[in-house]
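Just so it is clear, A, B and C label the chains in written order, and each chain counts residues from 1 on its own.
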Amino acid sequence: MDRLVFLLGTGLARGAVLALFALALVLIWRGARVVNFAQGAMAVVSTYVAFEVTSLTGSYWLGLLAALLAGGLLGFAVERGVMRFASPASPLSGVILAIGLVMVLQSALGILFGPDYRPMRVPFDDSAIVVGGVPLLSPYDLFVLVVAVVVMGALAVLFRWTSLGLQMRAAAFAPEVSRLLGVRVSRTVTVGWVLSSVVGSLAALLLVPTSLGLNPHATDSLFVLGFTVAVVGGLDSPVGALVGGVVVGVAMSLVTGYLGAGLVPIAVLVLLVLVLLLRPAGLFAAAEARRA
Amino acid sequence: MSQRSRSVALIATTALLAGGLAACSTPEPSPGVTEDTVTVGTHTPLTGPAAAGYSSISAATKAYFEYVNDNGGINGRSIEYVVKDDGYNPATTSTVVRELVQEDEVFAVINGLGTPTHSAVVDYLNENEVPDLFVASGSPKWDQPGTFPWTFAYNANYIVEAKALATYAKETWPDKTFCVLGQDDDFGTDFTTGLLQVLGPDGLASTQTYSVSTQDVVAQVGAMQAAGCEVNFLATVNGFTALALGTAAKMKYPAQWVSSSSGGDYPTLVGYLGEDVAPLLLQGFVSSNYLPFSPDDEWVSLFQEINDEYNDGAPFSGNTVFGMSVGYLFAQALAKAGDDPTRKSLLDALEVGALTGNGIVPLSFSKDSHAAFEGVGITVVDKGVQDYVDGQIYTTDAGSGAVEPYTGTSVPLEGDGIPTA
Amino acid sequence: MTGRQRLPGQRPLARTLVLAAGWTVVALGGTFALDPFRNYQLALVAAYLCATAGLTVLVGATGQLSLGHAALMAVGGYGFALTTNALPFGGLAAFVLALLAGALAAAVVGLLLGLAAARLSGPYLAGLTLAVVVALPAVASTWSTVLHGDQGVQIPFEGVPDALRRVVALEQWQAMVAVVVTAAVVTGLTLLRGGRFGLKMLAVRDDEVAARLSGIPAGRVKVLAFTASSVAAGVGGAVLCFVAQAVSPGAYTVGFSLLLVVAVVIGGLGSILGAALGSVVVVLLPWLIGRLTASLPADAAQRLDGNLAVLVFGLLLITVMAVAPHGLHGAIDAARRRRRPTPDVPPPAAEPAPRKVLVPTEEQR
């Protein structure tokens, strides 16, 4: 029983970061009907910015702020400089452009910073709070959970109750009609990219301190897991991203704990296949989204 | 463009590739050796997810060779070192090793790094009778003179290491509970095999594995904590050693850690953990080694000088010592291979057992053994300094042989670290 | 698309076969002009071409993008290696059997993936196939008693057949075998795409609803297309295993899978000639860049080695998609049209459909 509680706690902490990253994918999908395969690589770039700024100034929060700014700028640059070339009629061209971007960003980071892992610090106590002999979440894990929930809440408010959010949803759903109705579709798409890149950067920033460290490939597995989360929850649904994150995080933790770490990628694949085939709409999305 | 001309053009391209690249090169009698140079090469990961930590090895070897060359070379020849990046991808290893042998025409391949990667080329090198020296991997596979006559190991193999570490642990902490965390490949299974030989079939209370693709060992460390593990063996690479120790600290789980040399290099671990917390987390950390590593060792000071002068003062770690020691051993083999070295004379020099290397235990190279070090010393970290524990050197074999304490001395430094015939 | 003679299915079968055979002989002759390493590279190009030709037909004719073709190559490689090791005899018969086993294994896995693929589109399929490649090392280590974990499976060395030993070097022999097998695969794919099935694939890609209304079983067509593409990739993996005498999960990484996509995109999506050109580029470019960086100081060379090639590939991918979505093949085509604007060259509207995938025109939507 202790073991189960411990694994659930671990899975929850891991799931929160996955949820945040999946949320970034959902944002782009809602904003531009693109699955951003470069999300992970873009987030690593921002994390390097955070690392450099923190090393220079000694302040974690300045680093965080710089990374979020860099994430926003990068989102803007990628949308204007690369993704504009994607053909709106073909979902493949966006995927291929993103793949090109992954290769460019990761190799550029490799050339600039080398392959070594760099340790990242957080200004939190990251040792677990022990309850009844079972180490549960650490204050840092709680911080991650709170950030994930707050960001998700803020985005829900944005989409549901603000004019910008409404325009973004309209533009993504029916760009031509929206344009006729006076929505500046090109602007809402850019905003979607900026927002998504900021959220993705935040997810990587929160994850990297708990992993091996910062390296050009630090988010490789985050992308696959984040994608799985987004599919489980439904690419259209921010709430789905949160629930999907928890489902995938806990599932990974249980598989590692009871079956062995080596089976995790297989479990992820099985989960992905099952959801795609049995509940193609994800747990929370409209059915037609899947065939876009 | 019609379908027909499409397939025509396709095949034409193939033909064009064939014609356009035509360049003939017939192998020379002793490839890679000229009047004043000897060219050798290696494959090692410089890029890609698995590259972290390894790139410093080939750089150190190269720096050592430059030092030798500036001091007159070996038998009047300077050593050229061609380093090829394989990204730890066996398919790339196949390609770059063929490039080394066929295009660069190297005399020998030395210190090819990694078990899966080198496995992809060991047949090729032996079929082509190319000396395949000092493989940088602890797999027992490289010590098979009958199957791979041209292949020689370098690292103490994982089983030998595990048997020595287990013997030390059993003597030092006789009543504790032992467990292991291992990589989910040969490294982990070979190491665990060695541990069980010494500790007995029920000697491990918990056996956990991790996969390099998942950078999270919370569940595994949690299981060890739950199983009441007190002394934890690690068959982990440096990054995962750091991750395991960091995770345990976060879970307020104090344990004694005992790591294979592949994941027990203090300066590298500091790189992962950070200067501030590393000395605390690593206090009392036990590992093994077979190369000079004491801060006051004469080899170490020589290598530090070479590192400063020929390697731009790159961070000095166990990898630096490893790379330079490999360079020294090759230089020694070359020196003993005669004034006009051939691949065969190089092999003979290795098999007559004339090489000493610079390890803390003697090299075991002979006609019947292509294993380099059949023993290791125990190291421990105290107040941020990793050093050998006096009198704790063990020799053993990769089979069921006994673990014997070794009382001989380590190889002293001679002639400024430049071997002579 | 009017005019029957302009549809891809109208080329006489016999002519295709004769041409394929003729040019294969020319390519085989070419191997005599190459040194061993060049022949090794030729063998690599041939093996990659199996996979990229399969991938480009899949993308071009059905609009499905797979990021998992590296895994399918691995399946073919494992099928080849395990069969070779299980057979009590060697020689040509063993090679052919092992090759068929590799193709069969890839067909089975491809069929399963294809069943999922038929229900998915665009990014969903890309993400699923990516997860397949990511899971490959885990599969190899979970079933390590058969697949031998990250060490992979080695096959015994088999040299040049005795009859040819005097005239043919080992690498040349391997290149020749690779060329012959690849020629068969490419011819098969060309015929498949050129035949009735090709028309069905195009119909499904261009308008699935219309295709269904015309009685084309769209789902089955997609599944079959994916399976055929998988078989091609599996044969490519088997050829690679034959050349390298080993197959291991570390060789079939996400990076390699993306490299296959690079090859088909820069060659021009949907074009088999483009896939061939792309395969040449992905084999030669890293090698050329390695040659260039070798002369740099050690530190710079360490940083640039490997990374620089990936950087160039990434830039190529973006540039091609943004500026010239028809790739190298499109560029060659355009140059040829400029040079020779004769009436026998079909007008652009009658171009084989692949190029329309990425930039569909109004009438296609």
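The working rule: contacts are C-beta pairs under 8 Å (C-beta built on N, C-alpha and C of every residue); 3 or more make two chains touch, one makes a residue touch a chain.
This one's a predicted model, so the numbers in the text were calculated from it and none came from an experiment.
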**OP:** Per the contact rule at the top, check every chain pair and give me the one with the most C-beta pairs in contact.
**Re:** B-C
**OP:** Specify the chain most distant from subunit C by Cα centroid.
**Re:** B
Subject >> Euclidean distance of C-alpha centroids - subunit A vs subunit B, Å >> reply: 37
Original post:
Taking each chain's centre as the mean position of its Cα atoms, how many Å separate subunit A from subunit C?
Top reply: 32
**OP:** Please list all residues of subunit C that touch 2 or more other chains.
**Re:** 134, 137-138, 141, 302, 306-307, 310
**OP:** Give the residues of subunit A that touch two or more other chains, as numbers and ranges in rising order.
**Re:** 107, 110, 114, 220-221, 262, 264-265
Original post:
Residue numbers in subunit B touching 2 or more other chains?
Top reply: 46-48, 55, 184, 211, 213
**OP:** Report the residues of subunit B in contact with subunit C in the complex, numbered from low to high.
**Re:** 1-4, 6-15, 17-19, 21-25, 46-48, 55, 58-59, 62, 82-85, 87-92, 94-96, 98-99, 102-103, 115-117, 119-120, 123-124, 127, 184-186, 211, 213, 312
Original post:
Can you list the subunit C residues touching subunit B in their complex?
Top reply: 8, 11, 15-16, 19-20, 22-24, 26-27, 29-31, 33-38, 40-42, 44-46, 134, 137-138, 141, 149-152, 154, 157, 171, 179, 183, 186-187, 190, 194, 240, 244-246, 248, 250-253, 255-256, 271-273, 276-277, 280, 287, 290, 294, 298-299, 301-302, 305-307, 310, 329, 332-333, 336, 346, 351-352
**OP:** Using the touch rule from the top, collect the residues of subunit B that touch subunit A in their complex.
**Re:** 45-49, 51-53, 55, 184, 209-211, 213-220, 222-223, 225-226, 239-240, 242-243, 249-253, 271-274
Subject >> Of subunit A, residues touching subunit C in the complex >> reply: 34-35, 37, 82, 85-87, 89-97, 99-108, 110-111, 114, 220-221, 224, 227-228, 231, 262-266, 268-269, 272-273, 276-277, 280, 290-292
Original post:
Which residues of subunit C touch subunit A in the complex?
Top reply: 59, 63, 65, 67, 116, 119-124, 126-128, 130-132, 134-135, 137-139, 141-142, 254, 258, 261-262, 265, 302-304, 306-311, 313-318, 321-322, 325, 357-360, 365
